[in-house]
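Next up: some structures, all given as structure tokens.
Each of the next two complexes has subunit A plus one other chain: subunit B in the first, subunit C in the second.
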Partner chain A sequence: MSSEVFNNLEQDSALRASIDRSLRHPVMFFLTSGAAWLAVSIILGVISSAKVHSPGFLDGFGFLTYGRTQAAHLNALIYGWGFQAAFGVIVWMLSRLSRQECRAAGMILTAGHIWNLGVSVGIIGILAGFGTGMPWMEFPSFCWPVLLLSYFAIVVWSLVQFKVRPEGHVYISQWYLMAAMIWFPWVFITANVLLHMMPGNPVMAAGINAWYKSSLIFLFFTPVALGTAFYLVPKVSGRPIHSYSLAQLGFWSLAVIMPWAGMQKLTGAPIPYFLPYLGATATILFFVPAFTAAVNILRTAMTDPEVVNNSPTLRFTMAGVVGLIVMAVAAVFLNIPGKTMEFSQFSMSVYGFEILAIYAFFSFVMFGAIYFIVPRVTRREWLSRRLIKMHFFFSIYGIVSIAVIAIFGGVQQGIGQEAFDQPWLEAALRAYPYAVFITIAWCFILFSNIFFFMHLTVMWLRLGRRSTHPTLLVSGHHGSPHGEEGDIDNCGSGTASAH
Partner chain B sequence: MSSPDHQSNPDLDETINVTQAHGRVASDCAAAAREKHLADSGREAVPLWVITACGVVLLIAGGVLGNAGTLFSYDNTFRADYVRGTAPGGAADGPQPKTALVAFSAKGSKIYSSKCNGCHGSDGKGDGANYPSLVGSDFVIGDTQQLAMVILNGIQGPTSTGKTYGAGIMPAQGAGMSAEDLAGVMTYIRNNFGNSTGDVTSVEMAKNAFDLSASREKAGQPVTSEEVRAAHSSMLAGAEIFPDIMVNPATLAPIE
Partner chain C sequence: MSFRTFILSLSASFGVAWLAIVIVPYFKMRSLEPVAVEEGDGTNAVYIPKRAGRIADGAEVYAANGCYMCHSQLIRPTYAGNDMFRPDWGGIAGDEDRGDTRRETNAFDFEGEDFAHIGISRLGSDLSNLARRIETDYAKGGNSEQWLFGHLYNPRWEAKRRDSTCPSFRFLFNVTEIKGNPSDNALPFPVEEGMEITPKPEARALVSYLLSLKKDQPVPTSFNFAPPTAAAPTAP
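Then we have the complex of A and B:
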């Protein structure tokens, strides 16, 4: 990292600060609008979950029926929050790793607005009843070219920066982020062209749809979150990544195994017999890339547990990595044919696994990244460690409840569904208590994210703390809530400050 | 700017407070400056226990893939010798279970078409002159004892509405009927043609009806509406069967 040009530490800091400054507007736009979509998604999630156990809830509104709110909930979560958080992190991190200021901030910001427009039109389309009915692709079919074009306009600059980067080895985060940036258009174009433009056998279309969902999780959200974690952990803790060979094993096993996953959703359907088994095998093998990466990150971070505990960034990132391990074990547990696979594919287990992947793993790492990036691009420190702690604990309680309840409740529901000589009501009654708890858990997550969104908006308005000291999650009474120095500085940046 | 001192020292401008300016640079880059550098990755070997854990998962995955049949054979959509496993509840031994209301009514509709259809008609409405309608009749949708007595013994004289029909008498239908037949036909009549009591007359209740019928004072003679109203204004005794419980449609016995 220390080439001749940047051997001067102060020059190096100035370069990093100027990279952050060049990206302030697009990055803050992606993160803040992403957080707003997350709040929208969670509200829709509460409504759709409530309808599972109380069908009379809000039944006077046609646009709030279960079929529409559930679809809008997941699509807002994926395209509104997930992708925009990923864009903010990718654009910032690859600029930093290529050591160049971003020269296309205006273009990225414009493309980001177009992406948002596409998502908004799509969500309104779903609620108005124009959804396509294909899971995770419910946006009306005219939306996908808009999303694809704005995607290219957002990420192409990072590819250019990578191409003209100063010499040096390619860091692990760059492998993962570049791979995700290239895999996503492949997956997205394949699925949308095959389903919207060249519709073939409808059973196979359901299979392609299932592959698309699985690929978004394993070939976009997973590598983005892993690349981010591999950057944040050494950056905050100051330790080198534990093992380079472990990282290589994790990356290449992800690349080789995960494109095969997804078709297990169609077990027993009249598609070629080997496909569901191949999908189940690949999904079980997700354990290998997930576990090796998680062990590597945990070994790196746990050399200094106190730093992990005090840093908001590392606390969220480590929670996300633990979420990854749980997700890897669930991938094995839910896909054993003859044991659990029959019970898990048409019940709320699927939903539990998706929420585990998107929220417990991906989103937690993204929260970690946001707590790291935002003070740098706004040059203000987070206002309140209490707000950060609220966000952390309510999110943890909520997501653990949802994942555990949906996965095990889904297996119970699946056992009920398999007893085909019993009325369907039996299966619904088995799922009832679990559904009630999922609604309550979403309310916890909603509560935590309203605070997160407010905190982030205040930071976006540059109303954060003017200080040279980070906001750490130290416990105990230090006199001032802003850390030991208590160096809150409201006199403007011209005043001399502690060094 | 006119002072010669400034010209000889262009870097020193007294309008700038140096301490302040340095502070601004320090605070603008503060977050970037306190960052740690990414060091070269460590070269630790892959730990043995990680390899072992991944090996166990590989074994599980291999077992799953072993069931896949021939890989990449796009013509086979199912396993060659596939048979659906036995359903819980022993459904493989007999006919497909149905809910009690459906199963009892199906049995009852057969009895109805052989014994009742001729007079009361396929729509249960009779003809208005000689044969009364079963739709909305007090004796049909009221207490089950009343309906059972009329079916088993027949009825003479005025019906539940007080009107005497052209036929004057309904003959007894109990001969040759089993308790299952009676339970079925009663459930059928009470839940069809526009009647919807929603309950099922169980086999046990039907047995109770045969007992009551045999112990009547004028056993063997048709009942009259006065007798029915006076002596049988109550439901048949016996264990209830809920309409949505699953039963074997042949024996009408509940599935355990």
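Then we have the complex of A and C:
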């Protein structure tokens, strides 16, 4: 009996090691180039944010004008960092969960390069003055088929793996990730075909664009991050999910509610009246899928707070889940028609909410996943817990500032805009102090991500620690700053016992 | 749950919303029904929105330079915001000839554009009625086009606008040698001797587009929500 169990464990870790090895290059490519795009996006974010309060900063160059850098900043954040981090996590996690080695690593890697090419051309296109002017779809119109085809070439293998997996239970993370993989092309094709190829009423086109933005947040970034969190937390803490039926409720409420969201950004525009109200209702109801998932994940993790504190993976993931709760509260607070909607509709709280969703929630969970995945696929441990702590705290300071300032500053700005008996300049000047603080906060985030990018690149070059002890964030000043030494891994590449 | 049921449920939950808020409204609004100017007056006159200028290529310059990042083009009805109450946003509250011309944005207002630049933030003012505002206030009695060129070149040149955070669009202008007489559109800003600042074609297209933003024309009675007293200009 005991030898059989031992044998199964051996086989099991051998299988996991072979899956990790088969995906090393595509996964590391996505994560590292994603982190590089994140750095590019943050630099553009600092530049454009500085221009909001100091219009003379880097003034007079066409490619650095605010309207172009801000668009490039958001598009680099979404398509350069967000999607690539998601790809890295999706291909790895679905391979692990389907218990299948990846047989198309070369194809995925090639498609990943094409995706990067598409994003690069798009960003250069925006900066060179060929942007389309549709928020989040500013890439010149020839870019989207390139992105779409490379997207299919990246994710289709995960679906194939799922089809040929050994029979057995389908885990909640698989539902979330596969749903995101199906929703995204549906939303992407709809928006791009309608807006680029079948021009209709211009106002309704703006409505479709608002729906597209909202759908990317709620039907791609949110399910990817939730699926990842539902994988990481039980895995690291070693405990099953607190309530599996609650998890399913959370998933289906997301699937039913969130496709309706988005058009509240056109409240008062000449489109059918029910669209903005439906959008506002659905966005407010985001708290249902968000809270069910967040409570479930927190209950699972908080059975052992010390693990959460010590594990870089769990610390980032939990911060992301807190980000999700704040995001859900903000979705309720900012979207009440007739109460707060008129303040938030055209203020910087729009940007604040987007950054909250993409950075405070999605990116933090992705950082957690990266701290988990990279040591497994490179078979090296993270070099330094100080670098990880720097990344964590500066990101937290930065993102809390941006979210709080942009959302509350946005509402303050909105109150100024609505004060119709005051000159417009009063409303415009209200944004000034908040804009200054947003610039400072982006500098914090830039600082933290320089450390992250360096650390990740070193790991990609396989210069990490050769140890069987994971790098934990234990406190205290004794010993090496790099964590325990542990046993040196001398087993040679790919041996099962190293895992 | 099998994979098949999963895909079907997912398609159903997404598909209903997709049809109801994206596909059907989009195709219903692709060709708007003609609207009678005055219902029941027996003339069958149809409302034709009037707009002149280089709208298509001007809108491209507007989009490419991200003007929509800070400027909206939407006058919301009073249930959704206070835009209508500002004296010069939806129209001119005290128009010398027509009385109060303020009105909300309607579905015909973006005639000639592929995408309505509703905007995402109001770091700057709403531009729905910019051209009328320039005529009656900013460049009163002067040349609107020339005022806009100057404003794009340096948004802070007027003392009362020194706090503006609008970026300068100097890169849409050329500094060229004067050959013969100075150009008509040369800007009155200091520049080296023998040189002049003239707008590039992009700047001309953009200004032509911005001068087409006069969304205060009279609208058909069916969507004219102005109170009756405001609709009729007071006789002198």
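Definition applied: the second predicted complex is superposed on the first by the 472 of 499 C-alpha atoms of A that agree within 3 Å, B and C clash if a C-alpha of one lies under 4 Å from a C-alpha of the other, contacts with A are read in each partner's own complex, and residues count from 1 in each chain.
By definition in this document, contacts are C-beta pairs under 8 Å (C-beta built on N, C-alpha and C of every residue); 3 or more make two chains touch, one makes a residue touch a chain.
Values in this document were obtained by computation on a predicted structure and should not be read as measured data.
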| item | value |
| --- | --- |
| Partner chain(s) touched by A:420 [first = subunit B, second = subunit C, both, neither] | both |
| Touched partner set for A:70, first subunit B, second subunit C, both or neither | second |
| Touched partner set for A:278, first subunit B, second subunit C, both or neither | both |
| First, second, both or neither for A:270, with subunit B first and subunit C second | both |
| First (subunit B), second (subunit C), both or neither touched by A:171 | first |
| Touching partner for A:351 - first (subunit B), second (subunit C), both, neither | second |
| Partner chain(s) touched by A:13 [first = subunit B, second = subunit C, both, neither] | first |
| Doubly contacted subunit A residues - partners subunit C and subunit B | 270-272, 278, 337-338, 419-421, 425 |
| Touch list for subunit B against partner subunit A, complex | 17, 19-20, 22-47, 50, 53-54, 57-58, 60-62, 64-65, 67-79, 87-89, 91, 96-97, 99, 244, 246, 255 |
| Interfacial residue positions of subunit A with respect to subunit B in the complex | 1-2, 9-10, 13-14, 16-17, 20, 171-172, 231, 234-247, 249, 270-274, 277-278, 280-281, 284-285, 287-288, 291-292, 295, 299, 332, 335-338, 375-376, 379, 381, 419-423, 425, 466-468, 470, 489, 493-497, 499 |
| Parts of subunit A lying in touch with subunit C, wherever the complex brings them together | 51-53, 55, 59-62, 65-68, 70-71, 129-135, 162-163, 170, 175, 178-179, 182-183, 186, 190, 194-195, 198-209, 211, 219, 252, 255-256, 259-260, 263, 265-272, 275, 278-279, 337-338, 341-342, 345-348, 350-351, 413, 417-421, 424-425, 427-429, 431-432 |
| Residues of subunit C that touch subunit A when the two form their complex | 1, 3, 6-7, 9-10, 13-14, 16-18, 21-23, 25-27, 29-30, 32, 59-60, 62-70, 72, 74, 76-77, 79-83, 85-86, 104-107, 109-110, 113-125, 155-156, 163-172 |
